[in-house]
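Note that the chains are named A, B, C and D in the order they appear, and that numbering of residues resets to 1 at the start of each chain.
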């Protein structure tokens, strides 16, 4: 019955340690990851910096407790002739000690918790100043893509949130369907987008670059494919982008694109809007289009299910962040003979349910020629 | 491992405990190992009486005199098997399935449920 | 129930003086009612949560006629007295008193349910106020409906007791079912006091 | 001792036809014996463990590689919902109730539970509830809203023209959990009354075995937490089928109402799942260290403290929903408080083995593994209570790592420990210790390989409940590793099943008391007779059977009240 298991245990322990260490090393290699430790702003900074505090405390406790455990496993194992141990029922002093010590440690953590909580709370949002301006964005969670509305500039876009560097971004979170959660690991932790609740989130990006955003609350079939990008650019590029986005859609010039526009009006206009084509202005889902039974479903501005496509050609992601809008290298040149293979938009238009099963995009079967026309039109909407 | 304070505590407790236990059983008697009546012996006593049985020294505690050991019959004393718990459980599941599946199933389920509850109540007497 | 624990209880009682005077079933009923009470506590918490989150003016019945709820409260409180009368009867061994008390209680319970049903139909048919017309409708019908369901269950429970009483199943010593039904009925009455206060009277004082 | 003694009726030659309840099948399905019901609970729970485990393997297969194509998204969502639901409602609760049913009456010296028929009723409800829930797969409409079933995703429709749950998926879950809820209520009523009223003479509440203590606390938690789930479910059913608006924001309802109700059930639920595991470990450690449990009072009352506090921490599941800062600070504080009794327990367990004479039989190995793994679950749980950090890692794989270290590294290991410990009592046969050790090490490696990388996935930004992930986000290796680990756990489970079958067929005879144990359940035959004890034993200390075996050094001679 009593087998010397310890010969083997050392071996296993070594192997186990190896596995754990290597997993950490492997993890460190994930360069493109939206890691919470790869911080690019003060909010994420104060959230993630607590990780190190907890890690060190937890490691210390872990080593201590597992150390005592493993030590007593070796020290007190039954050997031939071991006498019966002393029947010790307890010790009040020890109990007090190990109640008080964890209490102290935990309350130290609690202090930093509440301090950090107040640092990132909505109330802590800095007021706009000359050194740190502020912009306001409404993030609208749809099933399953993100729409971003800039009320001051009257601009609506989808899948990519453009923000200027060093600016406080005040994000209003809105959903009129199910609960989503707004999360950009490098910039800010999650806040849920709860229907009927006016949640907000603020963050400041201190580095330019592209950061991955993720929907973190289970929101149905395609919860997995509800990512977005946060594109942090310098101020002048941001203003350039804004003024470009404020224009109505460019009218197509070549024949292919004009056919595409006609096709769009016929096939897509019931769900998608393009300013200057089938709608007169950008709309704000959050305020004007609550889209409920008996709501303003038929009012003006129009309430649309799909994203606004006015400047579709300028977007880097399509289909709710699933696909790159890979227009480079003539991938999506309508005359490219390999269009159906090389262009993501073509794949999407051919069979949206294959790319993202269960999504709301309902489109009749299109011939390759029609897809060519639509691509020519949509990619021309810079 | 044990402080002096604790040892004192122990001794004190022993005294307390003896007083406290006096009513339940005398502290200087170790519990009797299994009953003197083994199953085999029992079987040789057909239709064992429900009272009587072994005679033991009756100690008088502080609170209450100890009654004699009794011999009771296992079959009479233990709970009897019953099919009705299963029937009622099944009917409830059936009723809830009826909520999903439709009115016919629901009605059958309710009838089953009523029947099995009545069965359970009646069986007890 | 079976007798295994009965035997054990006898041992514990007679030989060790350990088990109190309450029967096992009594304890079971107490914890069951505690669990039931928490169902109502949760319902009431949900009701208040929604009330706080919503604008006050929609949180009201379309009428402010308090006659029916007051009458219903009186009926239910009266039935608590009569069920206590029935219970006292059987505790003295008086089966006749038990039967009278139970009959009166069931009658009063039925009156209460009729009153509730009348109020519901007049709300739904005359004032077009239903479970789906507003969030208050949802909360109102759910809370009163849940209570009505419990009154119904209690009344059935009492009716079973009544049938068994007429068959002579209960005696001074053996009448746990009556005791349980009595406990349940009192519980249902107490819950009604909370419900009626919340639903009918609190809105008056805003 | 002058308690009543049970005898068996003399066997006369039986000429009458067997009654149904005397046939082999009839005996099992009509039984009201707590031991048979306990075994049926255990077997049912283990069956659903295998079902839930297969669902887990499907999940891990789908996620092993990026852009997995094994399952389509909706099937995946059904599978992960059913994995959580099955493991919580159909594996852990039944198995722990099974141990409770079998062991608690024996431990407290009772001849049966207080309400034997209600006990049977609870078991059958569980079985039919489980079948009800799993049968949803036959209709292709298994619940797909997550085991938390958040409204409004679980509503018929959320807003205008948006997809929620138009089919019966959510109804299966709501009605199924209602069935299981009734089952748990009957079971816990039974436990509470049994423990309060049927303890053997002399077994004061301060001498109750710790497993009994923890089952008692668990029962109270079930009694007082399940009503929240019942109410939440009823309101959702009314929304779905009667046109009510409780969770529909456009009509004045509030999706957060569901979360408040659900988590005020859900958090006590977490402790319902772990407290009896604490109890099992607190029974095994002293026996295999040849010492009494260290700090009995502290372990018992810290369990009670956890029970109370567990009703005050629910909103720590909701830090990200935008509660006011002051509320978040409150729930962070209560969550911090609940960590203290948990830490006290771990220290007392360590002190129990410290200075002991440790035997490394399979139960002890699993119990020690429990401490090692549960510690990790406790530490990463404390990390989740740090609200700002929680904003980053809630709903990420970090949380998945946390719950699995608690529920697999914790509860499941304790359940295995309990099976290895009490199997001789159940059957009279020992389990194969060598195979059991293989089982332990395979499981131990598998679980760390599966769940440790999940911490890192969470830190690298991988959200939970995703059916697939793209290849370029650096999550590939970790996911592959976790999937390999999951299959290693699967191998462990197969080893366990082989061991059970082998031991049932050709296990060594165990005798009545193979572990030289301390508590009353070993003071009967293995397996115990229907009436458990010939005489109802009299208890004079916390280790009654130890006193009986070693009268010279019996505990009651030098009792310490701690």
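Assume a residue touches a chain if its C-beta (ideal position, glycine included) is under 8 Å from a C-beta of that chain, and two chains touch if they have at least 3 such contacts.
Chain labels with UniProt names: A = Cytochrome c oxidase subunit 2; B, C = cytochrome-c oxidase; D = Cytochrome c oxidase subunit 1.
Predicted, not measured: the structure shown is a model, and the values here were computed from it.
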What are the two chains with the top count of C-beta contact pairs?
A-D
Per-chain Cα mean versus the mean over all protein Cα atoms: which chain has them closest together?
D
Euclidean distance of C-alpha centroids - subunit B vs subunit C, Å
32
Let me have the rounded angstrom distance from the C-alpha centre of subunit A over to the C-alpha centre of subunit B, please.
58
Distance between the CA centroids of subunit B and subunit D (whole Å) is 25
Between subunit C and subunit D, centroid-to-centroid distance (C-alpha), Å
34
Residues of subunit D engaged with two or more neighbouring chains:
2-4, 32, 111-112, 116-117, 201-202, 253-254, 355, 531, 560
Residue ranges of subunit C touching at least 2 other chains are 1-2, 4, 7, 15-16
Set of subunit A residues in contact with two or more other chains:
86, 88, 91-92
Which bits of subunit A are touching subunit D when the two form their complex?
1-3, 5, 8, 12, 15-16, 19-20, 23-24, 26-27, 29-37, 44, 46-48, 50-51, 54, 58, 61-62, 65-66, 68-69, 72-73, 76-78, 82-92, 94-95, 98-99, 102-103, 106-107, 109-110, 112-114, 116-123, 143, 173, 176-179, 181, 183, 185, 188-192, 194-197, 199-200, 212, 214-225, 290-293, 295, 297, 305, 357-358, 360
Which residues, counting only subunit D, touch subunit A once they are in their complex?
72-74, 77, 145-146, 150, 152-153, 158-164, 249-250, 253-256, 289-298, 320-322, 325, 328-329, 332-333, 336, 339-340, 343-344, 346-348, 350-351, 353-361, 365, 368, 371-372, 375-376, 379-380, 382-383, 385-396, 433-434, 437, 441, 444-445, 448-449, 452-453, 456, 459-461, 463-469, 472-475, 477-478, 481, 553, 555, 560, 562
Contact footprint of subunit B on subunit D as seen in their complex
1-12, 20-21, 26-27, 29-33, 111-112, 116-118, 120-121, 123-125, 127-129, 131-132, 168, 171-172, 175-176, 178-179, 182-183, 201-202, 355, 529-531, 534-535, 537-538, 540, 544, 547-548, 551, 554, 556-561
Given the complex with subunit D, which residues does subunit B contribute to the contact?
1, 6, 9-11, 13-14, 17, 21, 24-25, 27, 30-35, 37, 39, 42-48, 53-54, 56, 58, 66-75, 77-86, 88-90, 92-93, 96-97, 99-100, 120
Touch list for subunit D against partner subunit C, complex:
2-4, 32, 110-117, 185, 189-190, 192-194, 196-199, 201-202, 223-224, 226-228, 230-232, 234-235, 238-239, 242-246, 251-254, 257, 260-261, 264, 531, 536
